[in-house]
Amino acid sequence: MQPGLYHILFISTALFFIGVFGFFTRKNLINMLMSIELILNSVNLNFIAFNKYVWPGKLDGLFFTIFIIAIAAAETAVAIAIIINLYRNTQSIDVESAEDLKY
Amino acid sequence: MPNATIIALIPLLPFAGFVLLGLFGRKYLKNYSGLIGTALLLTSAALAFYTAYDYFFVAGKVNGVYQQLNPMKITWLAFSQNLSIDLGLTIDPISVMMLVVVTLVSLMVHIYSLGYMKGEERFPTYYAYLGLFTFSMLGLVLSSNIFQIYIFWELVGVSSFLLIGFYYNKPSAVAASKKAFIVTRFADLGFLIGILILSNQAGTLDFHQMIATLTSPESNAVKNAAASSFLGASALTWGAALVFMGGAGKSAMFPLHIWLPDAMEGPTPVSALIHAATMVVAGVYLVARMFPVFSITVPAVLEIIAWVGAISAIFAAIIAITQTDIKRVLAYSTMSQIGYMMFALGVSGYGGEAGLGYTASMFHLFTHAMFKALLFLGAGAVIHYVHSNDMQDMGGLRKKMPITHITFLFACLAIAGVPPFAGFFSKEEILLAAYHGNTAIYWIALITSGLTAFYMFRLYFSIFWSRPYGSNSHDHSADHHHGEGGFAMMLPLVILAAGAVFSGLIPFGEFVSSDGKPLESHFHLAFSVAPVALGIAGIVLAWVLYKKQNTIPDKLAASFGSLYKSAYNKFYIDEIYLFVTKKVLFNLIGRPAAWFDKNIVDGMVNLTGNTTVFISEKIKKFQSGKVQLYAIAFLAGVIVLAVLFIYVL
Amino acid sequence: MNLLFLIGAPLLTALAVLLARSKQQVRLISLGGAIVQLALSFALLYFFRQEKAAGNASQILFEQNHTLFQALNINFHFGVDGISVAMILLTSFVLIAGVLVSWNVEKMTKEFYFLLILLALGAYGFFISLDLFILFFFLEISVIPKYLLIGIWGSGKKEYAANKLALMLMGGSALILVGILGLYFLGGNSFDMLKLAKTQIPADLQQVLFPLLFVGFGVFTALFPLHTWVPDGHSSAPTAGSMFLAGISMKLGGYGALRVATYLLPEGAKQYADIIIILSAIAILYGAFATMMQKDLKYINAYSSVSHVGFSLLGIGMLTQTAFTGALMQMVSHGVMTALFFAVIGMIYDRTHTRMVADMGGLMKVMPFITTVFFIVGLCSLGLPGLSGFVAEMTVFVGSWENADAFHRIATIAAAMSIVVTAVYILRAIGRTAMGPVTNESHLQLGDANWNEKLAAIILVAGILAIGIAPGWLNDLLQPAAAEIMNRIAGK
Amino acid sequence: MNGSTIIFYLLAAFTLAFGMLAVTARQIFRSAIYLLFTLVGIAGIYFWIDYEFIAAVQIVVYVGGIVVLIIFSVFLTHQAGEKLPKQLLSRKIFGALAAFCGFALVLLQVFQHEFAVVGKDVPSPTVKDIGSKMLGTDHGGYALPFEVISMLLLAAMVGCIVIAMRSRPEEKEPANSK
Amino acid sequence: MNEFLTLMKTELALTAIIFFMLIVKISGGMANRKLLPVIHILLLLNFALGFFFNKEGNLFGDMFYTTPLIALQKNILNFGVYLISLLFCDWMKRTPHLPEFVTLMLAALLGMDLMISSANMLIFYLSLELATIPVAAMASFDLDKKRSSEGAMKMILSSAFSSGVLLFGISLLYGTTGTVNLPELSQALNGSALQIMAFVFFFAAFAFKLSVVPFHLWTADVYEGSPFAVTAFLSVISKGAVAFIFITMLYYVFQPMLNIWYMMLVILAIITMVTGNLFALRQQNIKRFLAFSSIAQVGFILVGISSYGTMGVVSTTFFIIVYIFSNLAAFGVASVISEKTGKEKIDDYKGLYQTNPYLTWVMALALFSLAGIPPTAGFFGKLFLLTAGASQADYWFILVAALNMIVSLYYYLKVVRAMFMDKNENPIERLHTSNSVRLGLIICSAGIVLAGLMSWIFDYIKSLS
């Protein structure tokens, strides 16, 4: 069978939940950021696949992807800045080192 | 038509006294308060006498029948078109008679108290209360509306409460006043419900119309009277019985009598006024006021009235024999005498000869007021002298207090039914009525009359004879600087003694009868033999036993054993009441109610609060501070919502 | 008469109090304001009667309508009928007495008077509102002042009591709110009571809304078993606070239960009348018995309030015109009476520093004026003729008796039994405190009432007597309004 | 099964496998490298469906930018070579469970849905198309998003500068450096 | 006047201020003390500008859409930011990066303005991120406080996760409808199962931003960790903006799914109110307390939104105004105290009335308003929300909401009690407040007292929608 939309959707969904799983289980903040990247990439894949296979006439999906990539960069940058600052304060980038605020 | 203003002034003058003395007495009128009160009452009494004269001899009789007149009526509170509480004045034979009795006795007490209560710190207050009581009693007597009578009924109750508790720093007086109020209040509850039933049946609260409706065979209420509505009795029967319950409470009928002996804690003149002559006969008056209804529509209730009266009469007489507190003896005797009046009404029929009991009852009410007030005032003089209520502390006082002695003797003779004193005539009529009405009651009455003579003379001998005064260590000879009492105290004794002696000669049936038509009283000589003989026998027995100090009474008492003991303890009725109030009301209802409120109702509210806090504490773990768990919750929320809305809803 | 004066006067007084410099100024301004309000309410009575005498037959007088939220159809719609006039009179009486009684409050005087006057403001507004939203607004306005009054100036378990009171009242208003919103949508997007009174709301919806409204207002007026804020709240509050709580706040509930719930939802009222009767009969007896066991004077009066206010609810549940009148009379009567009761208790407490019955005795010797007033109010409470309580209770009884079936009769008799129990606890309380020998020697040193206390007591006693001796004027005020409500229930 | 299909499956397996490794590797540096591979794999898929422009952006921005950023930060936080501490087993199980439930649900829904697949013969957008659309202000133009993202990047930059370039904390707060 | 200039006036003005700030920074900076008044004036001007040239129109080929109502909503946010700049100027004076802070704050505001005006999923998404990422940076502005960094970290990670979910939802929507243009999207929705799921994903992101339970968990931690100004900004401005666009999305875009989102709102509103209240009950830290209370408030907003119709829009908008006044007043007072004494616990507030009566009254007013007690505006706000909600005739739902007001009253009263009634040996000393803070508090108090009674505000909103 010729791989098509559903195959790609499978990949993207799987990637999405791999990212989610990573986000849930990694202890390292930077690792969690990576998981976020996976999630965003899966979304990108979705958009591109839909654009390609279902709505090829317009470029909406494509542009969405481009902008998501840009935002991912900005988000990651800020997140890393915050994490580094946190690291300066706690000397750790373990997510469990930042659990003072609770209940 | 008698002048409404004059009649209205009769109760209003004492009321003015109450307001005046109540507001300003303590500060400004301290020394004059007695005189002011007395003067007002004197005016009031004069007006009452004038009214009586006017009614009986000038204006009251139309075509040989005494009319019921309503010279004034003010709508006080209108519930609906027909149903309203009106304040009105009713003038008919019994109300006029009562006017005279009340103002007369009250006047006597006012005068007497000038001496008796002299030096009392709360002298103005005392007179204010007297004024309030007199006002209420007169208002009660004049009522034209059943709710009006209830209003004054309650006012009488409260003034009685105030006067019994006049010596408020004596715990026993406080307790007695509370008891009097609460017991009569309980009876009034019945009265109130009775009023509601009757007014509902009659569609009016006005006595005149109510009686007219409830006695007219056409009215629905009467037609339904045969049909039972509740516990086998008709609504009307229940209503009438409950109204009587109110009367029984005020008139200290068995078993609602328990407050009366205790009420003797009040100043003695008060006892004379309220607990002998006026207030306690309110129940009798109430029954008499509604007599047509009882007699024509609900004879079953009348039967109850007769039996309650008879039982009270003999019951009280038996207890009276054993009491040593002179005021208590008098109290029980009052109860016994009111029992007489009550059963006289109970055995009476309506109209004509059959209405003899009615007339007799009113007659006895009249004469009894005289001699019983006299007895109390006399007793008051004695107490004033010896500073004690107990017979043990008295004896041999005839020399020290001659006027008191003589008047007291007259009164005793009158109550014992010795001719030609007042009591003889009225009692004779009652016995005659009972004889015709109900034989069993007649025999009870006869025995009671013997007992009455016995205990009254036991009292008399114990106080005035028995032993020379001063032979007992209890006597306080040193205190007797004030002698027998001043003119103020002696004058009423004399006046009342005159009443006790002569009032029996009034042809009462001429004026007061069940249907307004004059009733001729027949004197049956043969018939009076038995009661008079029994009376004499009682006196002689008392003479034997108590003239001289001896041990026979104690021995007798011992031989009667438990009977004596239970009579001495008033047949433990008080204890039963105590049990009901303390154990049942307080412990079985009040305490659980308070507990329930504190623990269950309040508890529910607190539980709600505590549960909220508890849950809040339990779920705090969700806010774990772990950002990954937050994300899991997030995803779980998404999944649950998605599943919910795709598959479930 | 312009009804806005009734809101304006307390508002201005409250603001003036805030601006006052010294405690004495605060007191004088408050007193002045209270006098003005009293005068206004008398003027209202006068004009109302005159208008009625002139033959103005409309149900609501002095109506005025100012748009507030046009979008939601919310208006400052004011107007009074006899009930409102009576309640306004009551409020002004209690206010002036409250101001006088609190003369010696030293702690945060300004705030105290401010809150007190705010309470009155809420009450006035509530009683003249014809718009349910505004009515609710004024009802709610008084919750927080009550909370603060109890919490700051109270005694005993004040924080617990204040919380309980605020939360339970809030719960009540939550129910009311839902009911009002229901009415709003069913009545064609209108909060206007007059308009709603002309709308036919389907019976099944009335059945849903009525309990919400009635129970909601019932919380305010101590409907069994939602009365539990009453004892704690009343007994912890400062004197004037208790006076207001029992004297006016509870009346807000009664007024609402009748004027809003019953009047606007007659079918619902019929549906639930039996339950109301049962609950109120329980409240009457149960309150009375619970009172019997209390040892603290304030608790005694608080529980007895539960019992007395039960008569109001009973009257409402009986659904007859006379019973309605009686219920309303009971509200007015109880308002004056209980305010006086609390005032007296406050006076005693100020002197003896105890409210425990057992710690007192023979006070009559020490403070004759106060105990005399205590007597009067006690007698009023147990329904002595000539005092207001009697008139109200009797009217309720007579009205109740118009229902001819056994259920109503038994309920009435059960309620009537409370008059005996009332006598028991009132006489016990009076007997123990005022009568008997002086048990505590130090009490002999105490003085009688001050001028302000005397004045307060006299004003309230005058109120009691005015109703008790000549109830006709009150009856004339209330009866036509009750008739109007009855007409709607009867479907005329 | 033709070549393109095989390539696709290879790409898919490559991407998913490295994705899995990226989120499970015990060493953070390796993890970053695996992420890199995954991203490259995705770029490959873009190539495979003829979206070269996106593929290029993917490589440039992700591989060249973000992953480098991440690796920098790994070095900055001195964690490169160390093994990461183990996560709690329960967390792993729950995380896996939640993720799997979500995965199953989404997959089920996606596969149940009939997308109106048009086919592959539509020409892929050219860079010229993209460029002209990107700055177009009329209907279908993306000028505004372009402005917005520039603003966003500016803000992010300012934020990063402030946060990351703060003055030495050591002399101020020795308490926190435990 | 050029349409571009008038329709986007707020956005342009904000951009101008942002650039002005950057220029100030780059050119060597100004002392905070001097800069702050300038900022105040600029923001006030911006606010004033919001009143003019309001009309309906599209820009950028349907990507940007505005109406007078939207302009008003933007201006409400402008006003809120102005108030924040007043109320928290003590902290701002202290911060070493004032121009940057203002830049970030205004960038976020710009994002919100664009978000409200967006007519396209892409622009919506971008502006949402623009409204979020700078705030995360701002949350970390207490640079050497660990809590601040921790909060910022939680915020950025959570929001990244949530935008991942959001994007996944959007991608599916795009896949099923082929468009990201909102009006077209609305036309193309057909309610298939996949669309419902996509909608849930999409909805979750909103719920996250609005702190709807169970998507709220980040809220309290971030609020507690962040500087007061940021907490206030998050809790008031961002929430308001999201609520506005949320309404637009639900009412106009997802209108075909009315039944679904109505039920969803009902369920979530109840859970949110209950949970928010239960958590707020036991909080000691004032910020955290206000965080949970604001979660409960969101529950009420959802009640209002659940009524599909004008009432929903109007009452929510009105409530946001009231909420800005009330919540900012509360945060303002708390911040004054925290700034001067470092105390943030409710227990520390005991006896506050003895020393600081005015602050106490402002705080009490704010809390009463939040609790919905008359005569404060909160009463009206809340009541209108419930009125709106009741229009669907689900009375039990309204009843649950109304009963929740009791619980919330309980904990608001807890603070009131601490301030007014509890005794304290050493209460917070008498505090001096600067003029700007005072002005801010006065504006807030006046707003709290008057906003409800000035009915024209409400009628005006109604006339716009």
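Read from first to last, the chains carry the letters A, B, C, D and E; within each, the first residue is number 1.
In this text, contacts are C-beta pairs under 8 Å (C-beta built on N, C-alpha and C of every residue); 3 or more make two chains touch, one makes a residue touch a chain.
Because the structure is a prediction, the values reported are computed rather than measured.
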item: Interchain contact steps from chain C to chain D (minimum; 1 if touching); value: 2
item: Minimum number of chain-to-chain contact steps, chain B to chain C; value: 1
item: Any chain that touches chain D and chain A; value: B, E
item: Taking each chain's C-alpha mean as its centre, the one farthest from chain C; value: D
item: Per Cα centroids, the chain farthest from chain B; value: D
item: Nearest-to-centre chain - CA centroid comparison; value: C
item: Rounded Å distance between chain A and chain B, as computed from the means of their C-alpha atoms; value: 97
item: Gap in Å, rounded to a whole number, between the CA centres of chain D and chain B; value: 102
item: Computed distance of Cα centres, chain E from chain A, in Å; value: 27
item: Centre-to-centre distance between chain E and chain C (centres being mean Cα positions), rounded to whole Å; value: 42
item: Residues within chain B bordering two or more other chains; value: 609, 620, 623, 625, 627-628, 631-632, 635-636, 638, 642, 646
item: Overlap residues in chain E, where contacts from two or more other chains coincide; value: 122, 126, 129, 133, 136-137, 140, 143-144, 146, 152-154, 157, 161, 172, 175, 193, 197, 220-221, 282, 410
item: For chain C, residues that touch 2 or more chains besides their own; value: 167
item: Interchain pairs in contact, sorted by label; value: A-B, A-D, A-E, B-C, B-D, B-E, C-E, D-E
item: Chain C contact footprint on chain E (complex, rising order); value: 314, 368, 373-375, 379, 383-384, 386-387, 390-391, 393, 395, 398-399, 402-403, 405-406, 409-410, 413, 416-417, 420-421, 453, 455, 458-459, 462
item: Residues on chain C engaged by chain B in the complex (per definition of touch); value: 164, 167-168, 225, 227-229, 231-232, 286, 289-290, 292-294, 303, 321-322, 325, 362, 364-365, 368, 379, 382-386, 390-391, 394-395, 397-399, 401-402, 404, 406, 412-413, 416-417, 419-421, 423-424, 427-428, 431, 434-438, 470-472, 475, 479
item: In the complex, chain C residues that touch chain E; value: 67-72, 74, 133, 136-138, 140-141, 143-144, 147-148, 151-152, 158-159, 162-163, 166-167, 170-171, 174-175, 177-178, 181-182, 184-185, 208-209, 212
item: Parts of chain A lying in touch with chain B, wherever the complex brings them together; value: 20, 23-25, 32, 95-96, 99-103
item: Chain A partner contacts - residues on chain B that touch it in the complex; value: 620-621, 623-628, 631-632, 635
